[in-house]
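There are two complexes below, and they share chain A, which is joined by chain B in the first and by chain C in the second.
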Partner chain A sequence: MVNTLWLKEIRAQVYTWKGTLWLLIAALLFSFASYLMLTDKELSLLDQTELLWMLSKIILGTAFLIVSIDASSILAAEFEHETAESLFLSPVKLNAVLFAKWLASLTLWLALFAVAVPYMVVTSSGTRLAFPFLGYVLLLGTLGIAGMTLLILGISLLFRSSKNTLTTSLVILLALSAPGLFSSTLKASGLAQIFARFNPLDNIFEALDNVLVDYQLSLLQNGRYLWPLLLFGAAAFAFLFVSVRAFRRQGYIKHE
Partner chain B sequence: MADAAIAVKKLCKSYGEVKAVDGLELNVQKGEFFGFLGPNGAGKTTTIRMLAGLIPPDRGEIAIGGFGAREREKISRLIGVVPESRGFYDWMTANEYLSFFASLYGLRSSRGANPVPALLDQVGLKGRQHSAIGTYSRGMRQRLGLARALLNSPQILLLDEPTLGLDPQGQEDIQNLLRALNRSGVTIFLSSHLLHEVSDLCSRIAIIAKGRLVVQGTLRDLQQKADLKEAYAIKIRGALADIPRGEFASRITREEQAMEVGEFVFEGDLAGANALIDRMHQQGIPVLEFRPDRDNLTEIFLSLTQAGSDG
Partner chain C sequence: MSETPSLRSRFRAWLGLAALASGLGALGLSAEAQPSSVPNPLVIEILSPDLLSGTAGDYVTVRAQITNASPNALTDITTYLSLIDTQNKMPVDLEDWSAERGLFIGTIESQQTLPLNWKIHFVKAGTYELVVVANPAGSRTPQVSTMTRFQVTPKRNLNPGQVLPVALGTPLVLILLFLIAAYKRQRREKS
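Then we have the complex of A and B:
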C-alpha cells in the first residue's frame, strides 16, 4: 500500500513539470555557484575547503527551501483539491499516507542531491575530501530534511491548506537560518548560543565546517552535531503524532 | 438491529453552534434501496460522512454492516461511496485512477481478475479510459466516481447525489445500474435532490430537516404522514377522451395530451388505480407507464420539511 501511494506521489510531485522545474532551477543555481567559485578571482583566493563549505551551504539551503515548498502542498493539496475524501474512503491508513508522502519528499531531496553530485565532485577534485564531502552532505541533509518534512506534514494536518502550511514552513525555515544574519556579538550571547546548540541548520553547517575545514572526518568527531539533528527529528515526529491525533478528532474531512 | 445494514441511533454532530445532525435515527435493512431526502443544509452529507467513518460523531451510535463509526478501515472494505466532493487526480487517466484505488483495496495484488476494465465498461467510460481525467465532463467524472465506489464489490452503497450533472440518458443508465445492483443484493443508501429519482428507485424514504428525522417509511407512509392523498401518474397511447372514467372521473386530474400519448394523474389508492388500468385494458387502451406521482412526492417533501422546520 505504501509503495502504491509513494509511486503516486512521485508521479504527482517529482515526475511532473513542477518537479522537473525544481531540479532545473537547482542545477542552474549549482552551475552558477560552481562556475563563480572556480573562475572568480577573489573567490579562487579562498582555500578550496572553504569553497566546498560554501557550496555545501548553497546545496543544502536550496534543498531545504525546495523540499519545504514542495512538502507544504504534498498533503494539503489532497484537501484543497477534494481528493482526500476519496482517498480516505478506501481502506488506506492515515499513517501509510503520511509515510508515503514523507518518502516522496525525501525522494525529491535525493533527486536534488543527485543533481548536486557532479558539482561536488568537480569542486572537490584535487582534495581528498570528495567522498567525505558527498557522504556528509547526504547524511546531514537527509537528517535535517527528514525532520523538516515531518514538521511540515504535521502543520499540513492541522491547517489542511498549502498556503498556510507554506507560510508557516517558510517562517520556521527563516527562523532557523536567522542566526546567519546575527552579528558576532549577538552570536556570542547566551540565548543565541543555546539556540545554535539545538538549531538543526546551525549544526549541519558546523558539522560541515568541522569535516571540510578542520578535517574531522569520523562520525564520532561529529557526534555533537548529529544528536541535535536526531533530537530535531524526534521533536518533529512528536509534533506529527500530536497533529495526527488532532486531525482524527476533527475528522478526515473538515466541515466547510 | 441485527438484520440492519445501517442502524443509526440518536446521532448528533455540531459545528460550533450549528447542529448539523441532531438526534438522527435511521434503520436500513439489508438489500433495501433507501432514499435520503432533505433540503440544502439538512445534514445529509454530514450523515453520509459519519456513516463512512470520515467524521466522528459527537454523540450517538452508528452500526454499518456491524462495524462502529470509528472503524473506518473496516467499514471501507464493506461499503462503496460516491461522495459529494468531486475531487479526482486530474493528471491520471481513468484506467490509472481505478488501478490506483484497486491497489489500495489490495485487488491488484490478488490472483483474481482485474476489475477495472469491466467497471469502465459498466459505467460507460471504456472509450475514454486512456484520457486524462482533467479532460472529462462533469457527467464522466460522476461515472468514474461510481466506478470507484464499485471497485470492492461493496455490500452497501452510500450515494450522495450520484446522478448530479448527468444528462437524461446518463441518469437513466446510472439508475438502471443501481437497480441491477440492488437486485443482486446490494443495499443502497441514496441521497438525492431529484425527488422523482428517489420515488422511482427507493422502497423506503427518510426525510430530514435541520439535522432531525422528519419521517421514515414507504411512499405511502409519507403520504399519510403529510396527510396527502396517494396519486399515480399514468401514461397511455391514445386519446385521453377515450378513458373509461365512470366513477373515477373526479379522481382524474392534470391531463396532458401530446400527439398520440396522453398522461394524467389518478388521485386515489393503488387498488383504485389498478381498477382503472384493468378497465382501460378491457377497452384496448395500452398503458405505457404507471408510477407513483412524482409531483406528489414534491408536495410531501415540501409539506414535511416545512413542518419539520417549523417544529
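Then we have the complex of A and C:
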C-alpha cells in the first residue's frame, strides 16, 4: 500500500512538465556555478577542495529549499483540495499515508542528487575526493532532509494549510541557516556555539569541511557531526508522533 | 692655600661616590643580564628543508624535533605553529592549513628528544614563514625554532574542456527526458 501511495505521489509530481521544471532550474544553477568555478580566473585560484565545499553548499542549500517547499504542500494540499477526508476514511492507515508522502519527498532529494552527480564528478576530477564527496553529500543530505521532512509533515498535520506550513517551514530553514551569516566573533559566543552544536545545517557543512578540506574521511572521524543529525531526525520523528496524536484527537475534519 | 686640600678632598669624595654609583650600576646591569646567560631548557630544530615549495592544494609534512637540554624533566609543554604571510605581513589563521594546530607533550625527560610532525595543507598561494613554538608550563618565555619558508604557487582549475559538456549537457538531457515523457503522455491520453 505504501508503495502504491508513493508511486501515486511521484506520478503526480512528474505528470506535467511544470511539476519537474524545478529540476531543470536546479540543473541550470549547478551548470552556472560549476562552470564559473572552473573557468573564472579569480574563482579558479581557489583550492579545489574549497571549490568542492562551495559546490556542496549550493547543492544541499537548493535541495533543502526545494524539498521543504514540496513537503509543505504534499500533505497540506490534501486538506485544501478536500481530498483528505476520502483519503483518511479509506482503508489506509494514516501512518502509511505519512510514510508514503515522506518517501516521496525523499525521492525528490534523490532526483536532485542524481542531477548533481555529473557536476560533482567533473569538479572533483584530479583529486582523490570524488567518492568521499559523492558519498558524504548523499549521506549528510539524506539525514538532514529526512529530519526536515518529518518536521514539516508534523507541522502540516497541525496547521492543515499549505500557506501556514510553508511560511513556518521557510522560517525554520532560515533560522537554521542564519548562523552562516554571523561574523566569526558572533559565532564564537557561547550561545552561538551551543546552537551550532545541534543545528543540522551547521553540522552538515562542518562535516563536509572536515572531509573535503581537512581530509578526515572515515565515519568515525565525522561521528561528532553525524550524531546531532541523527538526534535532529529523532526529535523530528517525536514531533511528528505528537502531531499524529493531536490530529487523531481533533478528528479528520477539524472543527474550529 | 688652606682651601686647596679641602677642595681636593671634596673632589676625591665625588670621585669615590661616582665610582660607587658606577659599580652599583654595573652590578644592576649584570643582575639584569643574568637570565640571558641561562641556557634554554628546550631546543627545537626543524629537520625539514629551509624552503618547502608546492602548489595550492598540496600537502607537505613539516618535521621537527624537540630536545630537553636541562638536567631535569619538563612537564606540560604546548607546542604549536606560527605562520606568517610575508607578502601581506600578517599572521595566518591555521584553521585550514593544519588539522592539528598544537601538540601537547606531557613529560619530556632530561636530554630526551621527541619528534614533532605536522601535516600542512597549502591552502593559498604566497610566501610564508613558519616557526615552531614550545611553551613550557610556568615559563615566561616560549622557545622558538628556526624559520622555515613556504613557497606556494597558485593552482588554476581552468578546465573548461571538461566542465562545458556537463554544464551544457545535463540541462539538455533533462529537457529531452521531459519532452519524451510529455510525448508519451499525450499518446497515452489520445489512445
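Just so it is clear, the second predicted complex is superposed on the first by the 249 of 256 C-alpha atoms of A that agree within 3 Å, B and C clash if a C-alpha of one lies under 4 Å from a C-alpha of the other, contacts with A are read in each partner's own complex, and residues count from 1 in each chain.
As a convention for this text, contacts are C-beta pairs under 8 Å (C-beta built on N, C-alpha and C of every residue); 3 or more make two chains touch, one makes a residue touch a chain.
Note that this is a predicted model, so its numbers are computed, not measured.
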| item | value |
| --- | --- |
| Combined model on chain A where chain B meets chain C, clash or fit | fit |
| Winner by number of chain A residues touched, once chain B and chain C are compared | C |
| Touched partner set for A:G135, first chain B, second chain C, both or neither | neither |
| Touched partner set for A:G223, first chain B, second chain C, both or neither | neither |
| Which of chain B and chain C A:P91 touches, first, second, both or neither | first |
| Partner chain(s) touched by A:T4 [first = chain B, second = chain C, both, neither] | first |
| After the two structures are overlaid on chain A, angle v-u-w for chain B, chain A, chain C in degrees (C-alpha centres, nearest 10) | 170 |
| Shortest span in Å between Cα atoms of chain B and of chain C, once chain A is used as the common reference | 7 |
| Chain C-contacting residues of chain A that also contact chain B | none |
| Residue numbers on chain A that touch chain B, as the complex places them | 1, 4-5, 8, 11-12, 16, 81-86, 88-93, 248-249, 251-253, 255 |
| Residues of chain B touching chain A in the complex | 15, 20, 46, 49, 52-56, 72-74, 76-77, 81, 83, 85-89, 91, 100-101, 103-106, 145, 148 |
| Sites on chain C touched by chain A in the complex | 56-57, 59, 96, 99, 121, 123-125, 154-160, 162-164, 166-171, 174-175, 178, 181-182, 185 |
| Footprint of chain C on chain A - complex, ascending | 14-15, 17, 20, 23-24, 27-28, 30-32, 34-35, 37-39, 41, 44-51, 115, 118-119, 121-123, 125, 213-216 |
